[in-house]
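Structure in structure tokens, see below.
We just call them A, B and C in the order they show up, numbering each chain from 1.
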Amino acid sequence: MFDITILWETRELILQGLWNTVWICFLGCLLALSLGLVLAALRLANPRIFSYPVACYVELCRGIPLLILLFLLYYGGPSIGLTLSASVAGVVGIGLYGAGYFAEIYRGGFKSVPKGHLEAARMLGISPWHVLTRIQIPQMARLIVPPSTNQLIILVKESALISIISVDDLTKNATSIVNQTFQVIEPYLAVALLYWLIIELIARGGYALEKRLANRQPRPIEPRGGTRHAHG
Amino acid sequence: MFEILLNHYPALAEGLTTTLVVSLSAIALGLVLGVLMAFGLMSRHRLLAWPCGLYRSFWRGTPILLQLLLVYYLLPEVGIEIAPIYAAILTLTLNTAAFQSEIFRSGISHIPVGQIEAARMAGISTWQIRKRIIMPQVFRLTLPPLTNEIITILKNSSLISVIAVTELMRVSEQIASRTFQPLETYLAAALLYLAVNLVLARVSAYLERRMVGGLATE
Amino acid sequence: MPMVDSTTSTRQKAIVEAQGVSKQFGDLEVLTDIDFRLSPSEVVCVIGPSGSGKSTLLRCLAFLEPYDHGSVYIDSQLLGYEDSGGKRVRTSEKRVDEVRAPVGMVFQHFHLWPHRTALENVTEALRLVNGLSRREADEEGMAMLEQVGLADRAGHFPESLSGGQKQRVAIARALAMKPRVMFFDEPTSALDPELVGEVLEVMNKLAADGMTMVVVTHEMGFAAKVADRVIFMDQGRVVESGAPDKLFRHPQSERLQQFLNTWRERHID
């Protein structure tokens, strides 16, 4: 019943979809990680000015579907002179959307480093900059790896939505194969497996990174409050 | 943007209603399935725990759009003809059940074993313990992640527009193509999603505050 | 407000001096008009019920909490504020570091950095602040750990140390910067009773070696034995102060009598 020859015959479409999903996700996630860092840093550096705008941005990301954001960029963009190709709209959409979540993750990491650790450093005359780079960041780094991994996985799964704005990603090409061959299970399951592979790779990578950071400290500090819930 | 809201108020309201009906039914159905599966996941019987684990892995590990397409195209293949809206509810339910099972599993595991031992020593049956001691506490413990899940499902319900369910997203697409004002239309839709989700978050925060301390057992 | 460099003969002798220090948290006044002088080699214990403001006083003396009114001098230098056109403004963090450089501090909850070994906790500031090379810092750090009897734990991370050991590492960390005054903020309050002794022993030795110390504590035995002077605080004010002998045997105020009675009831069973 499961006809694997279909997959072999359509391998080019599948590989093309895989490549598009991978590079768009990669750039989108990179944008999300860095923009999130900028937002969190602004908020940390000058809470009085940036707390409120950044909090609003985070609420927007949490409250609006990614699909709407993609449609705004791809279909709405041209009316304000912003014409993006579908793939670029995908990268920008994933980046803007993920940035809100990452800003929160970074902030949570900063907040969970006990204040006393910083006071102890300040009392020894260690400068605020060194307190940040030597005490705060190393400690928060390992706290934010698990929720960040989680968020990257969510973004990869949500990236399937770019097929709706006509990017030839895994999901779109799988649907094309379904329409060509009238076989449903094979293409969709094959593509599901590929998504799962990407996700597994990210999870493994996150786990390895966490362990590497943990080598500097045998057991993790329990993060305050659970990680945000994963979905996609 | 506000012009769109005013001019197309009835269509948007209808779309929003469909969005809410689909999402909330999926959440409610998924809750029942999720609770049952949480006990399945924690079961000592391998034959029960293992399939539950596999189910959870699949539905949590693949894109929900892919799941929707699979369900939508597969149902007719196996001779089941249902309207797209039911296929949508079915997919969202199966998806959220997996996520909710994990939320409840984690919530249950946070209840001190001593409480359950105390109940067992008092001769209370397993199902009574689950119903009267575990679950009332779990709902309080899991309210924040559960709220997140509801919001996620509400947001994800936007993609059922691809199988032609006329919910909020689909209605916006129709308005956008008629008015040639995609930016304003989608901004209006974004505003509606945002409003619903903000209200949800507020209600949840209120409930959480209310539940701290005195918690009704029934 | 007194001028920074109006150095009188009395002030020259004080390492730490507070004049009329007040501190509010919101509407709550936690310190009211505190005067305090600490001479070289003096050991002062601050006692009082919880919430009396004794920890806040120590934190104000270290400028971990900025005080609202009054002045704190370390080596006759005003800490945390400066005069700018007749108005009092906060100094830079760098200036705060300069002024409080002679002060070392030990916290109730140790606050060792969990991502650094015992030795690295001690050497971090030596390298970052004093600019020592890794080898010099390690040598110096080992000497400090030896002083608190923990040379054999140098490579351990904080979480594999007992509470008493953690606090001793924290003391070594502070001593490494060669402070002339040590502040102890309830150094034994977070410890299991059987671990209190080892920490007090280290502090005893320090005092005997002539270290100037301010110790906020609940350990009356330590205060009676080691302190040159005991200060009793309640509700943000200094109620009574004097030699331990005088204070513990002949408390003048009713509040101190009450405090000591409660303590005796709890400890003589």
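Note that a residue touches a chain if its C-beta (ideal position, glycine included) is under 8 Å from a C-beta of that chain, and two chains touch if they have at least 3 such contacts.
Composition by chain, UniProt nomenclature: A, B = Polar amino acid transport system permease protein; C = Polar amino acid transport system ATP-binding protein.
Since the model is a prediction, treat every value here as computed from it, not as a measurement.
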Lowest number of touching-chain links that must be crossed from chain B to chain C: 2
Chain located farthest away, centre of chain C as origin (C-alpha): B
Core chain by centroid distance, with centroids computed from Cα atoms only: A
Pair joined by more contacting C-beta pairs (A-B or A-C): A-B
CA centroid of chain B to CA centroid of chain C, Å: 54
For chain A paired with chain B, centre-to-centre distance based on mean C-alpha positions, whole Å: 21
Inter-chain centre distance, chain A versus chain C - centres from mean C-alpha coordinates, in Å: 46
Footprint of chain A on chain B - complex, ascending: 58, 60-66, 69-70, 73-74, 77, 99, 103, 106, 144-145, 148-149, 151-152, 155-156, 158-159, 161-162, 169, 172-173, 176, 181-187, 189-190, 193-194, 197-198
Residue ranges of chain C in contact with chain A within the complex: 62, 64, 93-94, 97, 100-101, 103-105, 107, 109, 111-116, 124-125, 128-129, 157, 159-160, 170, 173-174, 177
Chain A residues within the chain B interface of the complex: 59-60, 62-69, 71-72, 75-77, 79-80, 157-161, 163-164, 171, 174-175, 178, 184-185, 188-189, 191-192, 195-196, 199, 226, 228-232
Touch list for chain A against partner chain C, complex: 114, 116-117, 119-128, 130, 134-135, 138-139, 142, 216-219, 221
